[in-house]
Amino acid sequence: MSQTASTSPASVEDLLSRRRSPAERIQHVLHGNPALSPLIVLIAALIVFGIVSEGFLRPQALSLLVQQMAVVGTLAAGQTLIILTAGVDLSIGMAMVLSSLVMAKLAFGGMPSFLALLIGIAVAVLTGLLNGFLVTKINLPPFIVTLGTFSIFTALSLLYAQGQTIAVNPNSFLLVTGRSLSIGSVSVTWGVIFMVAVFVALGFALRNSAWGRHLYATGDDADAARLAGIRTGRVLLSAYVVAGLCVGIAAWIVAGRVGGADPNAGLNYNLLSITAVVIGGTSLFGGRGSVVGTLIGALIVQTFNSGLALAGVDPNYQVLATGILVILAVSVDQWIRKVKG
Amino acid sequence: MSQTASTSPASVEDLLSRRRSPAERIQHVLHGNPALSPLIVLIAALIVFGIVSEGFLRPQALSLLVQQMAVVGTLAAGQTLIILTAGVDLSIGMAMVLSSLVMAKLAFGGMPSFLALLIGIAVAVLTGLLNGFLVTKINLPPFIVTLGTFSIFTALSLLYAQGQTIAVNPNSFLLVTGRSLSIGSVSVTWGVIFMVAVFVALGFALRNSAWGRHLYATGDDADAARLAGIRTGRVLLSAYVVAGLCVGIAAWIVAGRVGGADPNAGLNYNLLSITAVVIGGTSLFGGRGSVVGTLIGALIVQTFNSGLALAGVDPNYQVLATGILVILAVSVDQWIRKVKG
Amino acid sequence: MTTATSTDEQAGGNTAGSDETPVLEATGLVKLFGRVVGLRGVDLRLFPGEVLAVIGDNGAGKSTLIKCLSGAMAPDQGTIKMDGRVVNFGSTQDAREAGIETVYQNLAVAPALDIASNLFLAREIRRPGILGSVFRMVDRPAMRKQSKAFIDDLGITTLQNIDQAVETLSGGQRQIVAVARAGAFGSKVVILDEPTAALGVRETGHVLKLVRDLRDKGMAVILISHNMPNVFETADRIHIQRLGGLAGVITPKSHSMEDAVAIMTGAKTLEPDEQTLR
Amino acid sequence: MTTATSTDEQAGGNTAGSDETPVLEATGLVKLFGRVVGLRGVDLRLFPGEVLAVIGDNGAGKSTLIKCLSGAMAPDQGTIKMDGRVVNFGSTQDAREAGIETVYQNLAVAPALDIASNLFLAREIRRPGILGSVFRMVDRPAMRKQSKAFIDDLGITTLQNIDQAVETLSGGQRQIVAVARAGAFGSKVVILDEPTAALGVRETGHVLKLVRDLRDKGMAVILISHNMPNVFETADRIHIQRLGGLAGVITPKSHSMEDAVAIMTGAKTLEPDEQTLR
Amino acid sequence: ANDNRPGVSLILKTQTNPYFVAMKKDAEDEAAKQGVRLSVAAGTQDGDTQNQINQIYTAIARGDKGILITSNGDSINAALRQAKAAGLYVIALDTPLIPPNTADNTFATDNRVAGQHIGQYAAAKLDGKPAVIAMLDLYNDQVVTVDTNRDHGFLQGMGIPTGNQSQNGLEPKKGHYTGGKGGSYQIVCHRPTQGAIDGGRQAMEQCLSANPNINVVYTINEPAGEGAYAALKAAGKQKQAFIVTIDGSCDGINLVKSGEFAADSTQYPGKMARLGVAAIAKIARGGPPPGKTAGKNFYDTGTALATNDPIPGVKSQTPAAAAKTCWG
């Protein structure tokens, strides 16, 4: 008995020190940064599509890919906040459409672009405020609230735009998000830069500010957070308002992409933004996840989409492939997490 | 001190016995049956629409209303099972389409209707099995799994149907769900009867069988349920399979409604079925809720829909009104629950 | 304030109490859960610089009582006064701002957050300088260091990694995190609901020492515990709950442990003049 | 099997142990959580008809140990034998089917379900006749009645409504529900992780009586507790954990409470021949 | 609630598409003129047949005299037959039903013909050069008849075999087109656009990544075309490739004038709606049912090709002429 007691600790130390092989060191890093495991999926996807279609990894193609995900990415950043609080925002795409319509229509009507932009963003923040108010003050489930406001924002968009697309003067400041900036050989649009800025700001705030801690705690266990002295109502409301701000920025980016506004733009963005967040490893039950993960998730979704298009897959099989790939991506992610356990 | 100690118990007994006024008795009943509080919302909606449009409460109109909700209702019954396990099924509408296409195409191709029906239902059960397998064995989040299978089922439907809607011989047994049965002055379709049967069977099983208890426990706290000795994987899988069965029955009902099968029939049902479940008071976090609530939830959704259409509201305002009504319905529900506290 | 004084008063009996205003005073608290009676008209008085133990059988209403006092529940009837003024706590935050810090029996911690984040939840330390004031960055290293100190003070020596998520801690370690919070931030009143239930012998000793230290700093402490030796060793007065009601208030000097258990279980009833309400 | 026997053997020392095969035997269990050491090679032997107490500081690895024994965790190293045969429990259900019934420290109950449903979870009683066999209806009234009896047996008298959801119970009431499950359904080995932590004096007495009753029926019981008097009153042998390792096995006869605490905290180390491994 | 005017139901595909908004507006004007009570309803998105079925039943329950419907799919047929049995006069607008006699009459653009126009134009404009084609369709996850009819019409106009009749993307990817002077063609991609600008832009960007030499772009509608133009312009290829599209809205005709679209097949939704409302109003007052276009089993409201760059041999309108009747 004392035998075991004296030999075993050594074997534990063995076990602990054996955990130092390069592979295990990678595992250790992965363990500390759960967002990195979707990253592996992303890299794998890039490599596979790069092999399948030669043009895929050219800087120009990649820069297009990033431009295409700027809208979904920005929305998904806001969606991450909501999902971290154990909520979900089904209205986010339509809120963006409403906001971009307001921007475009005001600018079209002759208002200075800058003012039109500000009012449009204010509308987006208001949509967030409405969702947040209904969730925190009336105490309704976010799913229902945003399902309801989805209809409301849709109707308002239709009534406001009368079903028309709105084209803004191409030189308007509103469309700056569509203009490019050359950095070396790649050109990046301002829209992409804004998206990156949103991720940096949110990532910083979630990690380093008290507000971020409170958001995680509220999503993790709202009752516990409340008992610990967090004004959970206020934290929730702030999450919706900041998400509204992201929506406003996404609306600006979409305006730059379409040269104005289009009431049809929002349909897919609700589900796409949620998909990006979930593939990025954020739990739908709240409290666990990060915006870095979301960024990677959005990139994965866009990579699949563009990669399949580039590979020239028959449109009927593309849908099939997308479904299979989404499941595979998350399976691999799950497997990486389990291995590193 | 002893003063208070002797008078207070009396006042407690007072408080307890005062709780006997008719209003409070209603509250007591509501407390015991949480599904009843959406019922109040439903009744209020029926009354309001009955006043607004004269025809609304005629037996014929009501019987139409119930026929229209038969498909959503049956799907929502299956969805309830999934949501009770803290999951969600985004693929349910497309699974139904796939199953109904199989039924219709086989019957169209000359197979005896009964056999075609059985194979179609088997396909639906297989879709549930696939979802359940991915959720329980590969341990993926249901949201992602069903998002993926949504695409897969969509693609399979498109490939299988070759983009055609399929019209079955109107006398086929497959379309019996669309045929009516006169009970007194109202006529009820077999589809409605099947839907009611699904609700009765599931309601009974959830309340009275060990399986039902295990399902609730698993959704409530899967870890605790596992530690208590429930094979949670098996329970989860069974929930998906039974939901698949509901999907098969819904496919049969939809076949009766459209006289065959339509690859686009599933578009709204994913979200609609979830909406019915949530409005019916089942928690998206699992473990709390009932199929009775879902039935009422589905009726509420359909009442809003038909009521607004019958009142001849402009479609733009219909969308707006639907959004507002959904939020109002759940607010009132919330309020009733709070009052009865 | 000392036990001596309260024994003096005990002689004088329950009638008037001391001239001192209680820091916390509840009168006639009633709480019903449907037809289940949580509290049936309970009075409680807590004076600055004393440890008031609350004991009672399981389900006697101890937790319900302190939830009403700390704003986590609203009583159906009865009034709560702080420093003589009637207060109505709408939330635990209100109570906390009034100076009441509480550790609940079901440990209000955020499972996915690490120890330091939990300890400083809602009370984060900011970085010095512009990073803190403008960018509102929290000072993780400082919080981590202070957390380690708190935990060490409370005698937990087995904690191997201060960055562990609270959900991975052992039962006792988790409890210490919650207690350390209250100990570090309590200002006027500290309420502890069975703080030593999951603790080992030594750790329990440390927590009881913390309780006495808080009292010596002039705070008032409410301590719920099922451990009679601990209660009798630490408390100045003992409030006994029975079946949702108040069975009486005694002191370790005036009654024995056996008496306390007998009153708790109803084997013995307390005469009015036996009580020590102060 | 009686305490007398084990004292006899203690004299003989730790070397060989009895001829009897242990019902449960663990050798060299190691469990790591990342770089946190949960268990560093722990041995444990449990014989039929004995109560083995496991004590140790907070975070000493007690809960981790019994989680490995009951299939809730897989050890990184080491073997577990039941009745002399090596077993590999993939899940708690496997362990339960082998006859090990466990009450975990964090109480595995389904919060939204009522008491009877929780007590009979995964062991529901069916209705007699066709309703049960064909329609698979559970017999709620019977389960409710038996639940009431179990709870009453364990001395909880304050329970006002047997249909309460478990999440609305008081801390102690909830613990009793979990303990009652194990008591009612244990077959060979019953493991209790701090079953009396939240319990009152009387309720604790009832649970300890349950433990002795189970032993007297020939079952083996592992009891984790921080309450030394309870441990010394109830246990046949005492397994002391320290910093994830085994510090030694003693009996209430061979050592005093002070000794036990000293060994637990490392103030004293146990010589090999002082141990009582049986 | 006491409204004795005859009821007319207008059931649209969706209301997010300006095309149907135009239809609705003209129907409302006409209803006011004719003194009928118009109830407008719509599916939630293209292909949403289930909601349309509900709306048909609602029209029956409301006791309307007739239904004007822009069908989202054949599965509404069973419901429409019930409506006819209940005495309602059913007119299909814009989209013919299959079989067409499911409706009492049909007022429609022939989408296939509209597609053929721009296909013929594209082939002629290529003037024998090899065609590198991007096909920007509506959906890839549902089947909608406009989508396939226009796509296949365009290919037929170009002189390319279409393969499967009811699904897009099954034609041979390389080969010889026979329209115009004829030449070799290559189909680079079929991408869904959702009929939206951003969808069109994403699709075009992806097609360009796959093959930067695209010179012919088919788009399902004008918003998708606008998106495609934005992508071409960003890539500096707006001169290399031309866009053909279908819609003929007043905004779209302006884009034809400015050269953004090379050609645009026009449609007349307003005309369809006005004719439909007037027909039912007439029937409700005891008048005769409307007739059909000679030689067709529906009433063809016509389509014309608008272009700023007319090519001999392809009949076309100038933008100025087209603007006079845009969506009338």
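All chains are identified by letter, namely A, B, C, D and E, in their written order; residue positions are counted from 1 within each chain.
FYI, a residue touches a chain if its C-beta (ideal position, glycine included) is under 8 Å from a C-beta of that chain, and two chains touch if they have at least 3 such contacts.
Predicted model, so just to flag it, every value in this text is computed and none were measured.
Undergrad: Find the chain most remote from chain B, comparing centres computed as mean CA coordinates.
TA: C
Undergrad: If you tally the C-beta contacts for A-E and for A-C, which one comes out higher?
TA: Of the two interfaces, A-E and A-C, more C-beta pairs touch across A-E.
Undergrad: Between chain A and chain C, tell me the centre distance in angstrom, where each centre is the average of that chain's C-alpha atoms.
TA: That pair's centroid distance is 43 Å.
Undergrad: Using mean CA coordinates as chain centres, what's the chain B-chain E distance in Å?
TA: 36
Undergrad: When the C-alpha atoms of chain B and chain C are each averaged to a single point, how far apart are the two points in Å?
TA: Centre separation, chain B to chain C: 47 Å.
Undergrad: Report the inter-chain centroid distance for chain A and chain B in whole angstrom, where each centroid is the mean of the CA atoms.
TA: 30
Undergrad: Using the touch definition from the top, which residues of chain B touch two or more other chains?
TA: Chain B, residues with two or more chain partners: 151, 154-155, 158, 316, 319.
Undergrad: Counting only residues that touch at least 2 other chains, which ones in chain C make the list?
TA: Expected reply: 34-35, 37.
Undergrad: Enumerate the residues of chain E that touch no fewer than two other chains.
TA: 15, 45, 141, 167
Undergrad: What residues of chain C sit close enough to touch chain D in their complex?
TA: Residues 33-37, 56-60, 62-63, 105-106, 156-161, 164, 168-173, 176, 194, 197-204, 226-228, 243, 261, 264-265.
Undergrad: If you look only at chain B, which of its residues touch chain D in the complex?
TA: Per the stated touch rule, the residues are 204-205, 208-211, 213-214, 216-217, 220-221, 223-231, 287-288.
Undergrad: So in the complex, which bits of chain A are touching chain E?
TA: Interface residues on chain A, with respect to chain E: 53, 55-56, 60-61, 64, 67-68, 71, 158, 162-165, 167, 178, 180, 254, 257-260, 262-265, 267-268, 305-306, 309-310, 312, 314-316, 318-319.
Undergrad: Can you list the chain E residues touching chain A in their complex?
TA: Those residues of chain E that touch chain A are 15-18, 20-22, 45, 137, 140-141, 167-170, 173, 188-192, 194-199, 201-203, 205-207, 209-210, 223, 226-227, 230, 234, 251.
Undergrad: Which residues of chain D touch chain B in the complex?
TA: That would be residues 72, 91-93, 96, 102, 104, 107-113, 117-118, 121-124, 126, 135-138, 140, 181 of chain D.
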